[in-house]
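Structure in C-alpha cells, see below.
Labels run A, B, C and D following the written order; every chain starts at residue 1.
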Amino acid sequence: MSTRFASLGNLVKKQDLILNAVCLLFAAAFVVMALSNVRRAGNFFSIDSLFFTLVSLMLAGIFMIIPLMWAYETGLLRNLFAAEGDDAVGEAVPVHFEGTTKLFLSILGFLLLLTVIEVFLAYIQVPLALMLTILIGLSLIKAALILAYFMHLRYERMSLVYTLIPMLVICICLLFIFFPDSFRIFNLRNYR
Amino acid sequence: MTTHAHTAERLTADDWSGGTFPYHIGHKKLGMWLFIVSDALTFSALLIGYSYVRVSSDQWATPFAFSPSILFSTSMTLCLLASSFTMVMAVAASARRDRRKARRWIGATMLGGLTFLALHIYEWLHLIEEGLRPFGLAQGSAFAKEWTERWPQASPLFGATFFAITGLHMFHVLTGVIYLGYIALRIRRKTHEDVEISGLYWHFVDLVWMFVFPLIYLLSVDFHPAVH
Amino acid sequence: MGRALGVLIWLLTIGSVWLFVNGRWWLPPYISEHGPAYDRQFMITIIVVGLSFAAAQIGLGWAVWRYGARGNRGERAVYSHGNNRLEIIWTAITALIFITLGLMGQRVWAQLHLNEAPAGSTKVHVVAQQFQWNFHYPGADKNFGRTDPNLVKDAELNFVGLDEQDANAKDDQVVTTLAVPVGRPVELTLESKDVTHDLFVPELRYKQDVVPGMAIKMHFTLTKEGRFELACAELCGQLHYKMKSYLIALPANVYDELVAMPQAQFQGRITQLIKEYPLGIRQGAATTAALR
Amino acid sequence: MEEATTPIEPSAAATEVGAAGTDAHAEAAAAHAPHGHHGPPTGFIRKYIFSIDHKVIGIQYLLLAIFAAFTGMFMSVLMRLNLTWPGHKWTILETIFPLGAPGGVMTPEFYLSLVTMHGTMMVFFVLTTAPQGGFGNYFLPIQVGAEDMAFPVLNMLSFWVTLVGLLVLISAIFVEGSTIVGNTDFVNNFLGGGGTGTLGPIGGWTGYPPLSALGKVAGPGQGAGATLWITSIAIFCIASLLGALNFITTLLNMRTRGMSLMRMPLTCWSWFTTAILALLAFPVLLAAGVLLLLDRHAGTSFFIPGGLVFNDVVQAHKGGSPILWQHLFWFFGHPEVYIAILPGMGATSHILSTFARKPVFGYRAMVFAMFAIGLLGFFVWGHHMFISGMDPRTSIAFSVLTLSIGVPSAIKTFNWLGTLWGAKIRFTVPMMFAIGFVSLFVAGGITGLVLGQTSLDLFIHDGYFVLAHFHLVMGVAAIFGMFAGVYFWFPKMFGRMMSERLGQLHFWPTFIGVYCIFVPMHIMGIVGMPRRYASFQEYDFLRPLDPLVLLVTIAAIVTAAAQFIFLFNFIWSIFKGKRASGNPWEATTLEWVTPTTPPPHDNFGGHLPTVYRGPYEFAVPDAPEDYVMQTTPDAGEGNVAAAGAGQGSGQGVQGSSGNGHNGQH
C-alpha cells in the first residue's frame, strides 16, 4: 500500500498545497450550492430540488477525494480514525479481541439511548420529513456502533474496512437513483 | 511446515503478496463478512422498494398507536439489543477460552432471540386477527372499515411491505437462533473464530433491525390509532 | 493458417461494412420535425462506429497475417510489457470521441423529453390494451370526457371506459387508428389498461413505453402527410406481434373537419381515409407551409 | 444456508483452539499445510457425484452448461424456423410439442415461451455458469496456488443448488399444459397454473410485470410456468451468491507465497471481478424475485398499479409500479452482462499471450480496465430503461456513463492488438477462438456507442439492433471465450488433447456463421424490426428484409450444426484423444506445473509452489526457453533457494516483489 501512495507523493509540497486548496474550494462551493438549494427550495422533496442537491453533494465528494488521499498519505486520517492496533503491524502475535465489559456496556447504553431518542421522536410526532432525516441519521450511527464494536470491525485491519464498506455504500447510494422516479410516478398516476 | 510458513510470513514485506491472509482473518470470517455485505444488499433493496412505493403513493396509512404498538416493538428492539450484548460477552468469553461461560452467554443470546421471535409472532397474529393482510385488509372487518375511513386513499401496500420485510427479518432471526444453538451444542469442537463468526451474523441481524424498526414502525405512528 | 484467418477477418469486415453502405436497407424516411436531427446524429455515430470497427478489424487481421510463427522454434517475439505513453494517448483519444458523441446524442432527447409540448398542441389520449390500440379524441369541444376503468365494456365497444354521463364525453370519439394533423404540435397521453406496451412508428423516430398506472406524455410535430404502420414494441403477451394500428398524418384542415364529426361518422371517415392514403408518405401532397 | 458457510474443517478442529483461533498466521500455515483440507475421497459417489473437489465441481458445472447451451441453441433454431417459414407444417414438431405446435405449426405463445426459455437458459445457466462456475472453479484455485476452494462443501452446494435451479426452469416448460403433466389438480391448485394449451412462461427473460405478475389473467403462459421460472431464478441467485463469496475468499486468502495480486493471471482477475459483481448484483435480483412471487401468490402489488382491466374486470391490485421492477431487475441485469463477458476477456488475454509467445501488453492497464468495466457496470443500468417511462433527466447521466464504458473496453482491445504486435503467433484452435473473441467483441461492443445515446435509442430500442448488439458481445463473444478456454484447458482437465483438425473444422463455420447471423440483424434493427415478434408478416415495412431473414436462418442452422462437431470432439477426446503432456502449450502459469495431469486431489501433491514472477513471461531475452514459468526461481540468488525448498529464496522474491515486473515501462 505504502509504496503506491509514495509514488503519488512525488508532487512538490507547494503544488500539493495549491491542488488541495483548489479542490477544497470546489468541494466547499458545491456544498454551499447544495445548502443554498436546500434553503431556497420551497418544497425540498421535489424531483428538481433532490436532483440538484444530490448532484452537488456528489460533485463535492468527488472533489474531496484528492484532499482526503493527501490527508491519508500524510497520516492525518490515520491518527483520527485508525484502530489502536493498526500501527502495530509488525507485532509478533496480533491481538485479536479487544474491548472490556465496560466498553460493551457503554456501547449498549449508547444504542439504548439512541433507540429511546427515536421512540421519543415518534412520541412527540415530529413532521415526517424531519423525522425521516433524524431517524436515518440515528440509525446510521447505531449501525456504525454495532459494526465497529459489536462486530469488531474497529479492531480489524483497516484494509478490511476499506474492502467492505465502500462496496456496500456505493451499491446502496446507487439504489437511491430510483427515487426521482418514485416522486414522478406519484405525479403521473392516472388512477388514484 | 508451520515454521516454514512463519519464515515466509516474516519475510513478506506486505500482506498482499501471497502466502498469508491479507486481512489477518480466516476464510470463514471473510466469507461471513462477504455474505453479510450481500445480505445487507437484499435488505437494502427491500427497504428501498418499500420507500419507493411509499413515496409514490397518495397516502400511506400510519396505523401504529404509540401505546401499545410502538412500545411493544420497542421492547422487541430492546430484546435484540440485549441479545447483541450477550453475544459480545459470549465472544469475549470464548476469547478468554472460557467455553462454559461462552456457552452460557450464547444461551442468553438465544433466549433474547427467541423472546424477540415470540413477541414478533404474537404481534403478527394480533395484526392478522385485526384484519391486516399482505394484500391489504381483510374485507368486512371493523378494523378495515375504520382504516378506510381514516385513510381513504391509502395504498394497500402497507401490509405487503410490513409482512415482507419483517418476515424476511424474522426468517433471519430464526436461522440465527438455530445457528447459535448449533454452535453452543458443539462449542467444545469450535474455535474462537467460529464463535466470533456466529456473533457477526447475529449482530448483522440486529443491525438490520436498527433500520427496519424506525422505517417500518416509527414512521407509521399515529395519535389516533386504528390498531389497538 | 494465420494468413487465412487474417484474410477472413478482412472479408468479414468488408461484408459487414457493405451491408451497411449498400443502401438497400436503411432507416425509413422520416416524417417528423426532429427526424433530420435524429438522422444526422445517427449517421455521425454510424460513421464513427464503422471507422472504429474497420480500423480495429483491419489491425487485428494485419497482426494475425504478419506475426504468425514460421515453425522455427528458435525465433522469439518482441519482449515488451507495454508502453504507458501509448496507453495514455489512446485512452484519452477514445474518451474524447466517446464522451463527445455521448453529449451530442442528448440533443434530440432533450428537445422531446425535457421540453413540454407547446401550448395549443393537438391532444389525443392513447389507451393501449392487450393487442389493440385505442385512440381517444376530445371532439369538437377539445375537452376529454371522464374515463373510469369500471366502465370498460369491450363488448359494447367502450374500450376506454368513457363515462357517457359526462358532458365533456358527448362529442368524444374513440377509434383504433391514430389520426393527427401535419404541421401542428401533437401531444399524446399514453395510458395502458393492462400490461406494458410500447408505441412505435418507425417513420416517426419515436418509441415510448406505455406503462400501466402512469399517464405518460409524448409530443412531436409531423412534417409529411401519409399513412404509416404503428406497432407495439414491448412484449405484451401472446399476440404481441399482431398489435398493429396506423398513424394517419392529415392536412390540418382535413383533421379539423374530422374531429368535428360525431363518433359514427368519424369512424366511417377514418375507414375511408385508410383507403385513400396508401402506405408511406403521400406523394404530391401540398407543402407543410401551405397546410398550416 | 448459515451452516453451509461454516463447514467443519477437520484441520481446524484438530488445531489447539485458543492459540490457533487467535493467531491468523498459524491458521494461514494450517491452510497451506499439505492435505490441510481433506483427504482424497474414495468411492464413486463421493468422488464424482457429491464431490467437494473443486476440479470435479468445475467439470460438473461445465457439463451442465454444455447441456443448457445445446438446449438453448435448439430453441433458437426453432425460433428461426418459425420466423422464416411462418405457418409451415413441421410434422415432427407436433410429435415433440403437441401443445406448442398443434398440427406442426408453432403457436405464437409457444414461440414466446421459446424466447423466454432461450434467454433465461443462456444468460443464467450458460453465460454465468460455464465461465465462472466451470473454468473459474477448476482453475482459480490452481492458478493462485491453492489446494482447493476456501469452502469446498459450500462449493458443492452451489453446484447442486444451480442444478436444482436448472431442473426447476426446465420443468417450467412442462407444467403449463395440462396434458403433459396429467395431474391438473396439482397444477391448478398448488401452482396456480392450468391447461391453457401453451408451453412455458412467455414473459421474456426480463419478465416485466404486470404481464408476469398477474398470473393467468394476463393471458396464456403466465400460470404455473411463470411461477417456476421466477423460482428458478431465485434459486440461481442463491447459488451464485454462495459461489461468489467462495471465489472472493479463495482468491484473497489462499494465494500461495509470492503470488501477489499483480502477479495473478488475468483470468484470476476476471473471475475475481466477476465474483464481486455477482456478490453485489444477485441479492438485488433475489429481493426483486421474492417481491414478484409475493405479487403472484400473496396478492400484494409491489409491481402492479391500480386500474388494470382484463376482460372488463378491474383488478384488485393497486399502488405498485412496474418501473420499480425494471429498476431492481436492471440493477442486477447490467452487471450480469459483465458477469457473462469478463471471464471471456480474462481467458482471451491469457490465451492470446500464451500463443503469441509474448507478455500481455499493459498488464496493469488490463487489470484496471477490467475493474473499471465492473465498477461502471453498476452505474449504467438505466440505459435499458431510456424509453420505459423513467425520469428522462436521469437518462442523460446514464447515457454519458454508458458511453464512458467504451473507454476501458477500447483499452482492452488496444492492449490485445498490442499483445499480438511483434508476436510469434502459434495458430492452435484455442488461439483461433481467442482471436475470434477479439474480433467479435469489437464488432458487438462498438455498436454500444449507438445504443448508449438516449436520442438514438428512441428508434432502435427493443429492436433487432439491440438483439444483435448483445448477442454478439455477451452471447457469442463470451461463448468464443469459453470455446477458447475448453480447447486450451482440456489437456489439463482430462489429460488428453482435443483433436486439432476437428477443432479447426469447428472454428471456421462458427466464426463465419456468427457474423452472418448477427451483422444482418443490425440492419434489420435499422429498418425497424421489433424484438419478440412471433411473425413479421403483419407489417409491410418489414417485407424488404425477407432475404436477410432467410440468410440469418440458414447461417444459424449451419452454425448450430457445426457445434455438434465440438460436442463430438469433446466426448471423443475424453476417451480417445492423444495423451497430453504436463504443459503441452508451453505456458507459464501454475496450472501447468501440477505434478500430474489431470492434477492430483490437492492440486500440487502437498508442496505448494512458490511464485517468483508475473504470469506472462514469454520471450524473455537470455532465458533458456522462450517462456519462464512463474515458479522458476530468479537466476543467481534463486539457485540456493531452489535447493533449500524456498526458504532462502523468499527474501529475494519478496524483496523484488514490490511492484512486480509490470511497472517497467
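Rule of thumb we're sticking to: contacts are C-beta pairs under 8 Å (C-beta built on N, C-alpha and C of every residue); 3 or more make two chains touch, one makes a residue touch a chain.
Not measured: the values here are computed from a predicted model.
Chemist: Have a look at A-C versus C-D and report the one with more C-beta pairs in contact.
Modeler: Of the two interfaces, C-D and A-C, more C-beta pairs touch across C-D.
Chemist: Where the CA atoms of chain B average out and where those of chain D average out, how many Å apart are those spots?
Modeler: 33
Chemist: When the C-alpha atoms of chain A and chain C are each averaged to a single point, how far apart are the two points in Å?
Modeler: Roughly 43 Å separates the two chain centres.
Chemist: Using CA atom averages as chain centres, what separation in Å is found between chain A and chain B?
Modeler: A distance of 22 Å separates the two centres.
Chemist: Do you know which chain D residues sit against two or more other chains?
Modeler: Residues 22, 24-25, 279-280, 284, 305-307, 318, 320-321, 323-324, 331, 389, 393, 658.
Chemist: Can you list the chain B residues in contact with two or more other chains?
Modeler: 14, 16, 22-25, 37, 41, 45, 52-53, 56-57, 95, 192
Chemist: Can you list the residues of chain C that touch 2 or more other chains?
Modeler: As it turns out, chain C has residues touching two or more other chains at 149, 213-214, 216.
Chemist: If we use the touch criterion from the header, which chain pairs count as touching?
Modeler: Per the contact definition above, the touching pairs are A-B, A-C, A-D, B-D, C-D.
Chemist: Taking the touch rule as given, give the residues of chain A at its contact with chain B in the complex, in rising order.
Modeler: Residues in contact with chain B: 1-2, 94, 96-97, 99, 101, 104-105, 108, 111-112, 115, 118-119, 121-123, 125, 128, 131-132, 135-136, 138-139, 142-143, 146-147, 149-152, 156-157, 159-160, 163-164, 167-168, 171-172, 175-176, 178-179, 181-183, 185-186, 189, 192.
Chemist: Quick check: in the complex, which residue numbers of chain D touch chain A?
Modeler: 22-25, 276, 279-280, 284, 305-307, 318, 321, 323-324, 327, 331, 378-379, 382, 389-391, 393-394, 658-659
Chemist: Touching residues of chain B toward chain A in the complex: what are they?
Modeler: 14-16, 22-25, 33, 37, 40-41, 44-45, 48, 51-53, 55-58, 66, 70-71, 74, 77-78, 81-82, 84-85, 87-89, 91-92, 95, 153, 192, 196, 199-200, 203-204, 206-207, 210-211, 213-215, 217-219, 221, 223
Chemist: Please name which positions on chain D make contact with chain B in the complex.
Modeler: 1-3, 5-6, 8, 12-13, 15, 17-18, 20-22, 24-34, 144-145, 150-151, 154, 241, 244-246, 248-250, 252-261, 263, 279-280, 282-284, 286-288, 290-291, 294, 298-302, 316-321, 324, 328, 331, 611, 645-647, 650-651, 654-655, 657-658
Chemist: Mind pulling up the chain A residues that touch chain C in the complex?
Modeler: 185, 188-191
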